[in-house]
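The following pair of complexes shares a single chain, subunit A, combined with subunit B in the former and subunit C in the latter.
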Partner chain A sequence: MLRLEGVAAGYGRTLALADVSLDVRQGELVSLIGANGAGKSTTLKTISGLLKPSAGRITWDGAEIGGLSPREILARGIAHCPEGRRVFPHLTVRENLEMGALLRRDRAAVATDLDAMCDRFPRLRERLAQAAGTLSGGEQQMLAIARALMSRPRLVMFDEPSLGLAPSLVEQVFQIVREIRANGTTVLMVEQNAMAALRLCDRAFLLETGHVVQAGTGAELLASPDVRAAYLGGA
Partner chain B sequence: MSKLLPWLFVAALALLPVAFPDPYLLAVLTSAGIFIIGAISLNLLLGYTGQLSLGHVAFFGLGAYTSALAALGFDIGIGFGLRITLAPQPAWLGFIAAIVVAGGFGWLLGRLAFRVRGAYFVIITICFAQVLRMVALNWIELTQGPMALISIPPFSLWLPGQGVVALYSKAQNYWLVLAVAVVAFLVVRQVVESRIGRALVALRSNESLARSVGIRVTHYLVIAAVISAGIAGAAGSLFAHYVRIVDPDVFLFIYTVTMVIMVITGGKGTLWGPVVGGLIFGLIPDLLRGHAAPEAQWVAYGVAMILFVMFLPRGIVPALASLRPRP
Partner chain C sequence: MDQLLQHLVNGTVLGGTYALLGIGLTLIFGVMRVVNFTHGELYAFGAYMTYAFVSLLGVNFYLALALATLAGVALGAALELVLLRRMRRADIDSVMLVMIGASLVLQNAEMWAWGGVAKLIPNPFAGSPLVLGPVSVLPLRLFVLGVSAALLLGFWLMLDRTRAGVAMRATFQDPETAALMGVRVGWVNTATFAIGSGLAAAAGALLGPVFMVSPTMGDLVGLKAFAIVILGGLGSLPGATLGGFALGFVEEFAGGYLSTEYRDAFGFLLIILVLALKPQGLVPAKERIG
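Right after this comes the complex of A and B.
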């Protein structure tokens, strides 16, 4: 479905990705793990078009998408839920959700989807008219996830969905990610919490300084001595 | 703010020349009004897109020159023996031309300058205004350079029962400026409350997120620049036909700074901010004139500005809004 071959990308002259090759198959939940600065977020930004690859190929359903604008890539069915400031703080919750469906022209279906999101995240319904900046961190993350889904993507990419959340919320976010995949949407996730990510995913790729150094199923990487030593706090 | 209050405010302003037919007061308010229109237009860029255009006066000056040249007519050589000639046109046509020309340059500057952000954007906008000032100073055949364009006719209106009336009096010009200011305010409000406005607010707070949900960031920034420049051009046209003389000083940096101060003290990114800031900083210098020496006036002006920035960093309108109990 999605394939990266020897992709390099960076910010200005600094190369954050040197040589990344990976693939995501239809219906999978794939994790990218690795230390800070390994290039996980950069990989997602390059796929979503926020960064242009300086080398390599990115193909989606066999067609090259490397170098397209974020708008064109979103229109092809890849949604990106970035890390950090995840919502538009000065827009209301409803407007944030509508922003997610910006490229869709089926108004009626958008309204239905918005309602469905509110059923799934009841806190959002209570706060539809409220500025998103006034939500708690957990609520903002739910809103960001809901917004990404509003585009009806075939592949949704989450960048650090658990970052900065309380442990009980982290579990809830992972449960939501599981449900999204169960509903047939393919998921590519970047996660600092390697243990949780590997347990959750079908397959995972380990990044180090802009290279993919290991790939396999979640269980394989969990069992790998290198991964255990480096990311799971010893054997 | 309740729905009725703004219209009462406008009605009070409209009745002012009847209640206080003091030409000095009306002159001060009219020139403040012209700058408030400029500040309203700047607010669309500075307040709603977050882009600091320090060359905003360029659009004001373009509007003033376009309108003046349309009203006076011109006959210039453009090389290769070709000449461009324009017979004098009615002032309202100049007004429309001012909006179109300024808006066109807004598009051009937007296309060029929005490739970059931050300090680089600011520098490009400053250079843009400076280049236009140089052109106005040196293209003497067209602009008369420092000798200025003089004897610009005032606006004229067709009024029922009276035929075409030239607006010579202070009160007439005051009403015209007030009417244009109201229209400018409504246009900006319409833009801000539309899809465009939401896209602008979204990209102001988080540009990369805005790009990733599919907002064409540059496209919307350019739309904002064109509307903003068009309104500033309208203000320039009002200025030309009110003062009736236009010289290259309409491109002075200080006018941009005045508009920026009005927007920031009033509250950038709020509809009423530029109006409130504009009334305060448009009127203070003149109100002080009767009571203090010129040196002291500028000191007071500066101190007032510093106090506003220190104690009301978000501006007057947001500060007032946060005082009000929430419904």
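Right after this comes the complex of A and C.
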């Protein structure tokens, strides 16, 4: 459903992506792995419209979407849960969730979804009226995930959802990602924790300095000597 | 004691309009990171538009106030669309220079349009003060206070309760993530500059009939607006409200008890004091609602 072909993008004059080609099919959980600075976050920002591709094509259901605004991308069903959670610290938890549903017009269904999010993440219900900045790191990550889902996306992109979390919470986050896919939402996930990501995903792409250098199923990349040497501690 | 009460009342009236002025400026800085040197001129613009509507076109006084405020909103939107929108990626120095240029153009346009002689805006209120026990207030000033309070409350409710207000605060806090939620950040910027300018014009429209209207009135008021915003803490809305009232009281009390001629200087003295003791302003960053 999503396809990138030879995409290049950057910040001002610095080119962060040189040649990125990847595809995500309906219902899949796809991982994008790579070292720090490889261009994983930049890839997601280019898909979600925060950056304009300087070359290549991005298509969604066959239609070109490269260069559209983030609002138009979101309206087409692609949500982006950014790196570092990025909850709005001075908005309440409820306001953060409502921000996720900003483009939706079905207010009654939004209220139902908000309630369902609170059932899924009971900590959020307890803190609905609290400023998001007062939440713990794990709670903020849950909020960021829930906020992204509030738009009812067909594809949700997570940028390092396990970053900076305690090991027990990391496991919980991956469990949530698994559930989201099981509920029918397609997932594109960026992770530095390559071992966990490869075990979780259907397919994966390996990014190195702005190029996709390997693609395959999670199991194939896990077995690849290059991947093992570079990202899995050489074991 | 009676005099104290009197100064308190006068300070509140002045403080309400200063709060409007400060909120407009701090909002623009908080959302757009633009140091808006045209703010004082928007104040003067609001006053002159009121004069034009009332004295030249014979429009009803209350309607004239509303129209002058709307004219300020329109001028602010135009400034954003024509100047600032093109400079989104420019460095802060260039933006400041352009805004200083724009304020000079506005001030000279006022001079050209209205001449250098100060104007008086007629108003429908009785010229004799209302006497309430030990305090006497001109009805016009009470009206100014009422409208300022209503505008402050209305603005706060808009920001706190409406979807547009929540989107605005989200943009204030993290424009990139707000864009990911579908916020049209460009339009939030235009709206912010327009509303901020409208608040300045409203302050001018309200105080214009209280004082005289002259082409250079924007200079001092622009400086005061910066003082209010710095006093309250840059980008802080409660801070700007507090700063506005603080400046109103200090001017009123210092003018009353110390020296009438130097009343404007005391306000700036207060800023120096606050910045020396509390460099972050009265409302520190973590308490900001923005």
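In this section, the second predicted complex is superposed on the first by the 234 of 235 C-alpha atoms of A that agree within 3 Å, B and C clash if a C-alpha of one lies under 4 Å from a C-alpha of the other, contacts with A are read in each partner's own complex, and residues count from 1 in each chain.
Assume contacts are C-beta pairs under 8 Å (C-beta built on N, C-alpha and C of every residue); 3 or more make two chains touch, one makes a residue touch a chain.
Nothing here was measured: the structure is a model prediction, and the numbers come from that model.
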{"item": "Superposed partners subunit B and subunit C on subunit A - clash or fit", "value": "clash"}
{"item": "First, second, both or neither for A:Arg154, with subunit B first and subunit C second", "value": "neither"}
{"item": "First, second, both or neither for A:Arg181, with subunit B first and subunit C second", "value": "neither"}
{"item": "Residue range of subunit B overlapping subunit C upon superposition on chain A, of 1-9, 55-63 or 73-81", "value": "55-63"}
{"item": "Footprint overlap on subunit A, where subunit B in one structure and subunit C in the other make contact", "value": "48-50, 69-71, 74-75, 80, 82, 86, 88-91, 95, 99-100, 102-103, 147, 151"}
{"item": "Interface residues, subunit A side, partner subunit C - complex", "value": "48-50, 69-71, 74-75, 79-80, 82, 86, 88-91, 95, 98-100, 102-103, 147, 151"}
{"item": "Residues of subunit C touching subunit A in the complex", "value": "163, 166-167, 169-170, 173-174, 176-184, 288-290"}
{"item": "For the subunit A and subunit B complex, residues of the former touching the latter", "value": "48-50, 69-71, 74-75, 80, 82, 85-91, 95, 99-100, 102-103, 147, 151"}
{"item": "In the complex, subunit B residues that touch subunit A", "value": "198, 201-202, 204-206, 208-216"}
